[in-house]
Amino acid sequence: MKEDRKASDALRPNQLLEMYYFARLARDVEERLVILFRQSKVIGGLYRSLGQEGESVGTAYALERRDAVLPLIRNMGALMTVGVRPLEIFRQYMARGTANSRGRDLNIHIVNLPDPDADEPVIVGPISMLGDSIPVAAGIAMGSRMRGGDRVAMAWIGDGATSTGAFHEGLNFAAVQKIPLVVVAEDNKYAYSTPISKQMAIEHIDERAASYGVPHEMVDGNDMLAVYDLAKRMVDRARAGEGPQLIGVDTMRMQGHAQHDDARYVPKALLEQWAAKDPIARFRTTLVEGGAAKKKDLDDIDRMTRDYAAKEADLAVDEPMPDPESVTRGVYAGDKYTVPHVELVRSPFAEEM
Amino acid sequence: MKEDRKASDALRPNQLLEMYYFARLARDVEERLVILFRQSKVIGGLYRSLGQEGESVGTAYALERRDAVLPLIRNMGALMTVGVRPLEIFRQYMARGTANSRGRDLNIHIVNLPDPDADEPVIVGPISMLGDSIPVAAGIAMGSRMRGGDRVAMAWIGDGATSTGAFHEGLNFAAVQKIPLVVVAEDNKYAYSTPISKQMAIEHIDERAASYGVPHEMVDGNDMLAVYDLAKRMVDRARAGEGPQLIGVDTMRMQGHAQHDDARYVPKALLEQWAAKDPIARFRTTLVEGGAAKKKDLDDIDRMTRDYAAKEADLAVDEPMPDPESVTRGVYAGDKYTVPHVELVRSPFAEEM
Amino acid sequence: MPVITYLEAIRQALFEEMAADGRVFVMGEDIGAYGGAFKVTDGLQERFGESRVIDSPISEQAIVGSAIGASYMGLRPVCEIQFIDFIASCFDMLTNFAATSRYRNGAGVPIVVRGPCGGGVGGGPFHSLNPEAYFLNTPGLKMVEPSTAYDAKGLLKAAIRDDDPVLYFEHKFLYRRIKDDVPEDDYIVPIGKAAVRREGSDLSIITFGAMVHTALDAARQLESDGVDAEVIDLRSLAPLDREAILSSVAKTSRALLLYEARRTGGIGGELAAIIAEEAFDYLDAPVVRVASQDAPVPYAPPLEAAFLPTAAKVVDAARTLVKY
Amino acid sequence: MPVITYLEAIRQALFEEMAADGRVFVMGEDIGAYGGAFKVTDGLQERFGESRVIDSPISEQAIVGSAIGASYMGLRPVCEIQFIDFIASCFDMLTNFAATSRYRNGAGVPIVVRGPCGGGVGGGPFHSLNPEAYFLNTPGLKMVEPSTAYDAKGLLKAAIRDDDPVLYFEHKFLYRRIKDDVPEDDYIVPIGKAAVRREGSDLSIITFGAMVHTALDAARQLESDGVDAEVIDLRSLAPLDREAILSSVAKTSRALLLYEARRTGGIGGELAAIIAEEAFDYLDAPVVRVASQDAPVPYAPPLEAAFLPTAAKVVDAARTLVKY
């Protein structure tokens, strides 16, 4: 299935910088969240995607702006890539009344549903019940098709979550209906404390697609351009009507399941081995050695994203908690209760439209 | 995976006759049920396994007597093979108070749970919710192993039912735990009115096992000895600790989903093509041409099973309906409410123990 | 006005809504060429094509989950659960995903999940359930169950046009047994409004679905001993029409709660609580529940007859109640 | 007697039952080496090995389904649902398979399905549920929820020894906040028996789980205005201890039903029905329900505080009730 000409060869310099920017921003937003967490400003758990920012960005970057994304808790990179303003994330984690869920739901559980023809991403955050977003993603892509659209839906799912019945029913349904769905199955070696060996009896996570007649391929999840290349091919195929595709991502969860989890069940050696493969550091090298960017440009981006994340966090901190009076509002349609839209932004590297 | 020496070569003449007897008996019991159905003595629907008796018998015949079977509505052949007395089936279909479910549950929904060390089959009829018997079957085989037993569990499932989340979760769990479970996935071309093409996007139903690292193979379901050979290999491997196995059965549902369904959605040509491959007729030819049996022996069996089925049906007809007073008995343990055991019988061809 | 069956009324509602609104589509098992296990969707695929009448795999989670997704894209999916008993397989999708979506993110889920419920036809433990109590503790969902052909059509149209997820339970015992006048022109029966099926002064029989007819039977029998029963048909189970319930009890001072599900943990509890909280001063007698026995639904006719509520059981309970 | 936490008491019950009975094993997500999301099973795998402490895939249907199968083979599986909210994913296995098995074929299903329920810890819509009402209309299941460490241990031992499927809800708010005397020697708390936590004559607060402590707070506050509240801890939700409920109401003539689940369609309905049916003559005032708001469980602390029942809300309701 390999092709000689890689899609990434066609990426313009500003696009390469933009990918770097999104990965960096994802990491810096999470670093900020850690600080807020330590200040107990974050309500509930904090889930890091440390070490997985690359695959999140690489996959999402292969989408058209109008496509649909269904991220999980560790896909901060995907959210940054589709242009969710970091402020929205901080609001969510701190349960602010200004957040898309107005403090009603956790972390990245945000939803953006543009008009059918708007050139704007469909964003459907997960519910906690793992696997459920796969049938929903299938429905989104099917629905877009029914309305004459050509949106592809991309749904990320962890190794553990592929063991749910919802994953099976959703992917099988999509395969039968030839729905333009791209599933990104992330083998990050663990589901909470459970090693993948206790989750499935197959060599590679992409084989999870084999029962459905869904094309699948593994990729080194810490090589951002390799991820992008495969994702681009999968997305193009899905959009071309070839039905769902599954990308198997080989990566590593570099911290515990959440901040409370010291992950002592993970062998040190494994962590060291993967630390050497940090996706952002690798991409940096690729860019510099490939001559696509100078070290200084990247240093500037590092500073840019760090400051941006810090400023956004500060803004969110000063925002109010939701009004207790509102607790029963908006359970059903009909009471005039408005919900703030998710603010979308363009990166400094975006091209003019 | 093919082997030169076929397990069926080792079958003794009386065993071959016994397999024929079981298949014949399954068909004749159902023919009787049709008569009872027309006399409206059957309560609810009647589901035929016409054309599938061979695969039911061939797979079940590969089991040891102590093994566990989880049949579905179309596995009358499996029930006859493990020795369920036909009377038990008639009682069930006519909702008699003498039935194992005492008129509380339908058709073949019977359960037999012998002592751990008893050399007697574990029988767990399905509940209507398709797919649910797969996790339960996994638990039965795991439970036997935990108690030091070596029972293999065999669970039959239709093409349609493989689309359920329960199937996925159960087979994956069995694979990870290396549970001695053999799943018989029956491609009989339809799920009710739904063709398999709308059920899955794979060529062969046995690929349903590919996502789990479960060994799988297709077999001509209307060739009883081929089915037995594959099943024997799968059962032996499962018992040897190689984990779950899946047999893909290529067969055809020769009637509607149930008696009310005229199945006009099935192309005539398809039915004719499969009518020519009737498993019992084919087995007959194999036995006669192979010199394993004379036509007359088989004619005798035909008469024997027809009379036996008729006599058993007559017995059941005269049995009483359940006592309305009993309707709330036995919901929980503790009220001394006894349930009749499923009567097991040996075939006239059984060897002395 | 043409007299049609309860089943035909449901089919008409689907035809009319699909014809009127291109966003409406149906999805389920065997609903296409076959027309559904009970033929409710018969002819729909011929008329509207395979893209709007979708035969799904046996995957209740995928049916409801993909309907949620499609509704996010502006469509109006109507899901058929072949027998409502199988709704248990998508309980998570309905209670956790669909029911909470609007509250969490303002993302409405205008889907309808419909299917045949109820007993009396020898269906046994897995083809006879009345699942309303499973969902009554989940805000965000609406539930309706018609007792007449007129309501079957009007409630389904209302459900399809509703901006929130609606569970639409159709009682299979009524499919072909119940016929009444159904207008050909467009109308809806608003969700949340009960109907008084019979005016009465001595007690209120509060019920819905097939039991409405059982209640009316009982009321006729009670008439002969001079007992004048009012029969309230709830029609909507979520939200409940509290006003209708309370004003009837205020009038009769006696409440008999009749439902086909099992007695314990059933909707009768919620009704009793509403009455005991808000109509206490009007009550002249204990609230009485008449419902099915606390057991799985048995299959043999004599058992099922003993299991289900009957007009005779209602009459007995009513007699004791009015004597109180 | 040693004073231990509610959580420790649950762990002790597991240790002791597994040590005493080789048929008992536990299964769930991350319960092995990790010891469970809340560390309830900490140390179990070290002690009893991987074959009796099984880390499962993320497959609630497989966890419960395989437990049913294993129980058929004579084992006594105890399943952990990491957060009880995820029990929705095996709703079908529990209500259709496990609950009906004995009734249908005399095949008992001695399994326990346990997990953390309840709110008050900022868990949000999917980590805070109280699911008892989902299962109350399903005969064949038993349900318990302890409010003390003593009961946590005794009820779990009773559940494991019970021959029918028992849902064991442990309130995560109590895990480490509640400590009390727990005997080291073997004992059980029988399923189906409520406990009087506080004797009183003016009203009966009927509740269970974490709300028992809310009720006791409220009772203390009410004492200051001379209101003497009785607090009944149901402990078992299925079957309910009707005698305990009715005799308390017979004594106080006033019933306040307190539960943490959403108000509508909650267990308070069943309790109200029992009282309105069987204690009507004793009642001097309407039954009152104090419960959570009819909405998904919100995550922000100020919202959750407004959502949940509090001692203050109970006190207000009780004051109105006794003035009635």
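Letters A, B, C and D name the chains as they come in the text, with residue numbers starting at 1 for each one.
By definition in this document, a contact is a pair of C-beta atoms (placed from the backbone, for glycine too) under 8 Å apart; a residue touches a chain by one contact, two chains touch by 3 or more.
None of these values were measured; they are calculated from a predicted model.
J.: Based on the averaged CA atom positions, which chain is farthest from subunit C?
T.: A
J.: Counting C-beta pairs in contact, which chain pair has more, A-C or B-C?
T.: A-C
J.: How many Å are there between the centre of subunit A and the centre of subunit B, using C-alpha atoms for each centre?
T.: Each chain's C-alpha centroid was found; their separation is 46 Å.
J.: Need the CA-centroid distance for the pair subunit A / subunit C, whole Å please.
T.: Centre separation, subunit A to subunit C: 41 Å.
J.: Can you compute the centre-to-centre distance for subunit A and subunit D, using the mean CA position of each chain? Integer Å is fine.
T.: 37
J.: Could you tell me which residues belong to subunit D and also touch two or more other chains?
T.: If we look for residues of subunit D contacting two or more partner chains, we find 56-57, 59, 61-62, 85-86, 88-89, 92, 96, 100, 103-104, 125-126, 139-140, 294-296.
J.: Would you pick out the residues of subunit B that each touch at least 2 other chains?
T.: In subunit B, 101, 104-105, 127-129, 163-166, 169, 172-173, 176, 198-200, 331 touch at least two other chains.
J.: Where on subunit D does subunit C make contact in their complex?
T.: Contact set of subunit D toward subunit C: 85-86, 88-89, 91-92, 95-96, 99-100, 103-104, 125-126, 133-140, 238, 257, 261-262, 264-273, 275-278, 280-281, 283, 285-289, 294-296.
J.: Which of the residues in subunit B come into contact with subunit D in the complex?
T.: Counting only subunit B, the residues touching subunit D are 100-101, 104-105, 109-111, 113, 116, 122, 124-125, 127-129, 132, 134-144, 146-147, 149, 153, 165-166, 169-170, 172-173, 176-177, 330-334, 337-339.
J.: Under the definition above, what is the set of subunit C residues touching subunit A in their complex?
T.: 23, 25, 51-52, 54, 56-57, 59-75, 77, 92-93, 96-97, 100-108, 139-140, 142, 162-164
J.: Note which residues of subunit A are touching subunit D in the complex, please.
T.: 43-44, 95-97, 101-106, 127-131, 160-161, 163-166, 191-194, 198-200, 265, 321-328, 331
J.: What part of subunit B is in contact with subunit A in the complex they form?
T.: Interface residues on subunit B, with respect to subunit A: 163-169, 172-173, 175-176, 178, 197-203, 207-214, 243.
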